[in-house]
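Letters are used for the chains, namely A, B, C, D, E and F, taken in the order the chains are written, and counting of residues starts over at 1 for each.
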Amino acid sequence: MRILVLNPNTTASMTTKIAAAARRAASPGTDIIATNPAHGPASIEGYYDEAISLAGMLGVIRDTPDVDAIVIACFDDTGLDAARCLTDKPVIGIGEAAYHFASLISNKFSVVTTLARSVPALEHNLHRYGLWTRCARVRSSEVAVLELEHSGSDACNRISAEIGRAVAEDRSEAIVLGCAGMTDLAQSLATEHGLPVLDGVSCAVALAESMVRLGLKTSRLGGYAPPQLQKMAVEA
Amino acid sequence: MRILVLNPNTTASMTTKIAAAARRAASPGTDIIATNPAHGPASIEGYYDEAISLAGMLGVIRDTPDVDAIVIACFDDTGLDAARCLTDKPVIGIGEAAYHFASLISNKFSVVTTLARSVPALEHNLHRYGLWTRCARVRSSEVAVLELEHSGSDACNRISAEIGRAVAEDRSEAIVLGCAGMTDLAQSLATEHGLPVLDGVSCAVALAESMVRLGLKTSRLGGYAPPQLQKMAVEA
Amino acid sequence: MRILVLNPNTTASMTTKIAAAARRAASPGTDIIATNPAHGPASIEGYYDEAISLAGMLGVIRDTPDVDAIVIACFDDTGLDAARCLTDKPVIGIGEAAYHFASLISNKFSVVTTLARSVPALEHNLHRYGLWTRCARVRSSEVAVLELEHSGSDACNRISAEIGRAVAEDRSEAIVLGCAGMTDLAQSLATEHGLPVLDGVSCAVALAESMVRLGLKTSRLGGYAPPQLQKMAVEA
Amino acid sequence: MRILVLNPNTTASMTTKIAAAARRAASPGTDIIATNPAHGPASIEGYYDEAISLAGMLGVIRDTPDVDAIVIACFDDTGLDAARCLTDKPVIGIGEAAYHFASLISNKFSVVTTLARSVPALEHNLHRYGLWTRCARVRSSEVAVLELEHSGSDACNRISAEIGRAVAEDRSEAIVLGCAGMTDLAQSLATEHGLPVLDGVSCAVALAESMVRLGLKTSRLGGYAPPQLQKMAVEA
Amino acid sequence: MRILVLNPNTTASMTTKIAAAARRAASPGTDIIATNPAHGPASIEGYYDEAISLAGMLGVIRDTPDVDAIVIACFDDTGLDAARCLTDKPVIGIGEAAYHFASLISNKFSVVTTLARSVPALEHNLHRYGLWTRCARVRSSEVAVLELEHSGSDACNRISAEIGRAVAEDRSEAIVLGCAGMTDLAQSLATEHGLPVLDGVSCAVALAESMVRLGLKTSRLGGYAPPQLQKMAVEA
Amino acid sequence: MRILVLNPNTTASMTTKIAAAARRAASPGTDIIATNPAHGPASIEGYYDEAISLAGMLGVIRDTPDVDAIVIACFDDTGLDAARCLTDKPVIGIGEAAYHFASLISNKFSVVTTLARSVPALEHNLHRYGLWTRCARVRSSEVAVLELEHSGSDACNRISAEIGRAVAEDRSEAIVLGCAGMTDLAQSLATEHGLPVLDGVSCAVALAESMVRLGLKTSRLGGYAPPQLQKMAVEA
């Protein structure tokens, strides 16, 4: 089985970290093809970055036909609906993957993400996935995405402090880490705080493998009907 | 990996059919331990049957400690919350499993279940899982659970007719079959109607395997805290 | 008129206290038959206790046919839906009774219950009753149910402190006491805090009397259709 | 106990019918004071009629201080919130009373009211009471309020036909009659259709009696705080 | 174009202030006819004041036929639905106008209003307009309406402090001032806090002008159908 | 005042039609700059088309700095959130504009759009705007966007037929036309069906003018904070 793990931003060190997390989560026999677009934003923090990354990431999907499933490795699930129109292979966002698993092991969870500017897009996703009622609060740690790439930053401490506030104030039973760049922090934070801390990358790889094994395909009726590509004047 | 697949009713032929579906869905190396309680209702159709089956099914869970995950193989996810208090191993209901996967491959899905009396309990579950907004309608085919065990019944035709109405009237993009006893019908109905038709048994086995591989455990904070068993006068 | 007031746990002192509250609330001419199952949990604190008490409490209902209405005297409304399938006589949970009355005398109310582990089940009930939007917050006082049976505990002080926080933080206009064991505290707490404090036992007895006088019966269409008892192999 | 049953419109024959229903529902020893304002609309069908009836009906409440509870006998619960500011005695609308009881005996109910123009105000009320999720649909029978006062009209047949559609199309388990003028039809329609049919007048009288017996008062904190009457220039 | 700007309370100084704000917002060529009823409450603070002001304010609308649109200049949108039945000309409440514009320039906004007693009516409006999900919180500054008419009060400081709390605690991106009497404070508070602060009077005038230019009329189907005025016995 | 009216697809005839509608709606003195990207899809029908048009449309916005407000003239409000990050000038989508005005003149409206594949994206928008509760149903006429550009098609008849079904089945009080290409049909359809029929282009131009006159700017706090453009590797 081959799974495309697509980091929609252009920061290669982040792709490397994501790839490592994906491979740890994958079953034996699953190949992880981790990549990122050549062009686009270095990080995705809010609506504009998300929009401007779409052409690049959809191009990677079109150029990588020989996979069984696709994981979109940005926590705002960049381009998820568009990607599902492009192929009937399973397409999973790391945000939605973490939310679904969190709702299977807790009555209520909180999300701890990066900057305040990213919060509305995540709230918006939770509403449309239907899992909003399971999320106590989306919290920002005010750690920028690229800070997570710098060893020596106190990013982990600030994220841990925000988890502490989530447990105390939100009565949350689990924590979802709201950025692909936090994937290596989940285990130690879970141990520190004594509750499940979910990382979307591993959750999404596991869901993708399951869907391939079950033979589940995206529906072609309605909203995910294949686009009529011939009508494109010139694709961006 | 050992997964307990627990049919909460006492109809052995149904347990056999569920076991076969679970084994088809399982990865190599996964053992499926399929069983049902010795005592309790022959089928679970509505709130009362569900309540009266709980003592038996929770007893099976307590008596089968040596497993890695538990699948509750009744579509109303009988006793799911109680089972999650009893162990921190993953516990997955086949209803919720199908709803979660359906929401990953469609914008909106319909459920086709057995009798009208079962509909409110399923609607109630969808509300609390948060996935109610993704479900267009819970429909009853007026096929009783035990009719599904009789070859020669026209149960499949009536279920197929109800799927036809779901596609025409609900604008649903996928169908969830709302009974463990329908597990063998999913593939042919998907082919017939040209859209994804999900069976909860296979969905739940796949989720359980994923959760075991990811090391996900049910949270012990809040609603799933372990019960204080010593306070029981005499357990039922 | 005869009303069965059923404490689903096995703590006789609590049944006695509930019976007294029920009799204070009842009209002249109403007989209160207060009882509890012989077997089951000593208190109901969370999903597991609730599940394990069902066989006992439904057995009491089956064994007490000669009543006009049934009050389920546990604040999580244990087995309410199942009991409504078993008889068309009015069945009222003390939780729902208090929520309905609170929504008739306030724009928004808070619930003050016992332990944090009980909160999700109450939130879940409020969602399904539809009255979630009227409830500002379900708060735990961290007073265990059986502490309420011990004179000399500071349980009442802790409950009062939590009510103070509800008024200050939730802008609630009324308080619902979230445990049958708190029934004797309502009046003094109302006086102390200057707002309505509702006790579910008296609310449920009053609703049950009303429904009997009005001749209201539980619908037999749909989710409360009578179970097909003959299909039970052996009832637990 | 004295209960003011206030018909907010000026049609005396309707007040007489409402009074009879209220007295049938009342316990021995309860006095029903049924009245209507001297001025205002002959029937209340929609937002404008409701607004224009408020000064009259609030005047009646101010002029009738010597009662224990107040029932507002118009199905759109005319002036309910304003009346609750004016006194801490229980004030119950017949619409809300019927919705609360219907949600205690069914999973889902439909409302059958008079004209289409009245539907949005009722939907609006259901939303704010929180019971919207329990109502399958508010249906209009296109019977005008005053037609119900004319013997010989086929109003009852048209209402019955609409109930038939509610059962067939909405999967409703109970019916709420959406007009005070339908109070005398409930019993025969229930028998005809084989499901509970609720009349708001009797439901509200029963709730009012219960609240007086329980000593429940409207909260004075927040939205129902007493108005500062001295600031009125000239009251209408 | 002539716009009736109707202050539903009887405080002439407030009408003068509202008129000035309306004229500042109006386009050249738009005549603002600002008025208030002769009789009724001096301020509208909660449900009762609102109810008792309706007869007067609807009378003004009936007596001022020669206008193109109507602005109801009280933040609880007093009598909005009733006024829409009375004419198909655009009728806009200043509360709804501010909410609609706030939702076009922010992901989430908070409302800062006068007294706690007014909060539930505003929450209720937000629910029915559908914009509840866009509002983080309705906050009271505990500044009474008529305090805003007294120079020398510290009303503005208290409102500013409440805005500070909204930004810090609610993560709101914009503030809606919840009283017509605050119309002159918006600009300085926006500058002070560095985020949009919306005043309903100017928002409503702008919407009314737009609707007149676009030729938009209130629908006459359903809930806003014209009332049957002949059935009024005597209008209050 | 200069308003950029941006058709996100590349069909020039549609831009011309949109420009004409915008100019009819604009006040004297408002300049309409109507344009479309040079590259991208010829029509936007569903999630993929929307995604692939974003780079082009955001480029047009960056390249047209000298305007006072921006109207996005595609009914799915393509790139609305991203555009609001790019500038604090008012940005209005034609979908949201029509929904906001429809909710000011009706209790409930229906949308009649083009193809079924476009429906989920519109439902999704309605949810996040908060106006979902005001929309009875999003209906597809199965008229493709580019059919609307061909004189001689029976597109208008099919749209009219769908409006007829909306009135009969949804009890809608107004209709929103769900495609920029339908802008010239609104008036005749309103006359034919006797209810308001709203066109998003004119609604959005009117809102944009209002916001410029009121000086309303998009908030820079939270989700619409300006993007950090320097971090882009190479913008698409």
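Just a few scattered comments:
Here, contacts are C-beta pairs under 8 Å (C-beta built on N, C-alpha and C of every residue); 3 or more make two chains touch, one makes a residue touch a chain.
A quick note: this is a predicted structure, and the numbers were derived from the prediction, not measured.
Apart from subunit D, which is left out here, the chains connect through touching into one piece.
Distances between chain centres, each the mean of the C-alpha atoms, put B farthest from subunit E. Within the list B-F, A-F or A-C, D-E finds its counterpart interface, over half of the contact pairs alike by residue number, in A-F.
In whole angstrom, the spacing between the mean C-alpha positions of subunit A and subunit E is 43. Rounded to whole angstrom, the centroid-to-centroid distance between subunit C and subunit D, based on C-alpha atoms, equals 27 Å. Centroids built from CA atoms put subunit F at 51 Å from subunit C.
Counting partner chains per residue, subunit D shows two or more touched chains at residues 84, 107-108, 116, 119-120, 127, 133, 171, 221-224.
Taken as a contact graph, with one node per protein chain and an edge wherever two chains touch, the assembly fits none of the named shapes, being neither a line, a ring, a star nor a complete graph. You'll find the chains touch as A-B, A-C, A-E, A-F, B-C, B-D, B-F, C-D, C-E, D-E, D-F, E-F.
Only residues 25, 27, 84, 90, 92, 96, 100-101, 103-108, 129-134, 167, 171-174, 194-196, 198, 202-203, 206-207, 209-211, 213-214, 216-224 of subunit B touch subunit A when the two sit together in their complex. Interface residues of subunit E, counted against subunit D in their complex, comprise 10, 38-43, 45-56, 58, 79, 81-82, 84-86, 116-117, 119-121, 124, 127-128, 146, 221-225, 227-228, 231-236. Interface of subunit C with subunit A (complex): residues 116, 119-120, 123, 127. Looking at the complex, you find that subunit A touches subunit C at residues 107-108, 133, 171.
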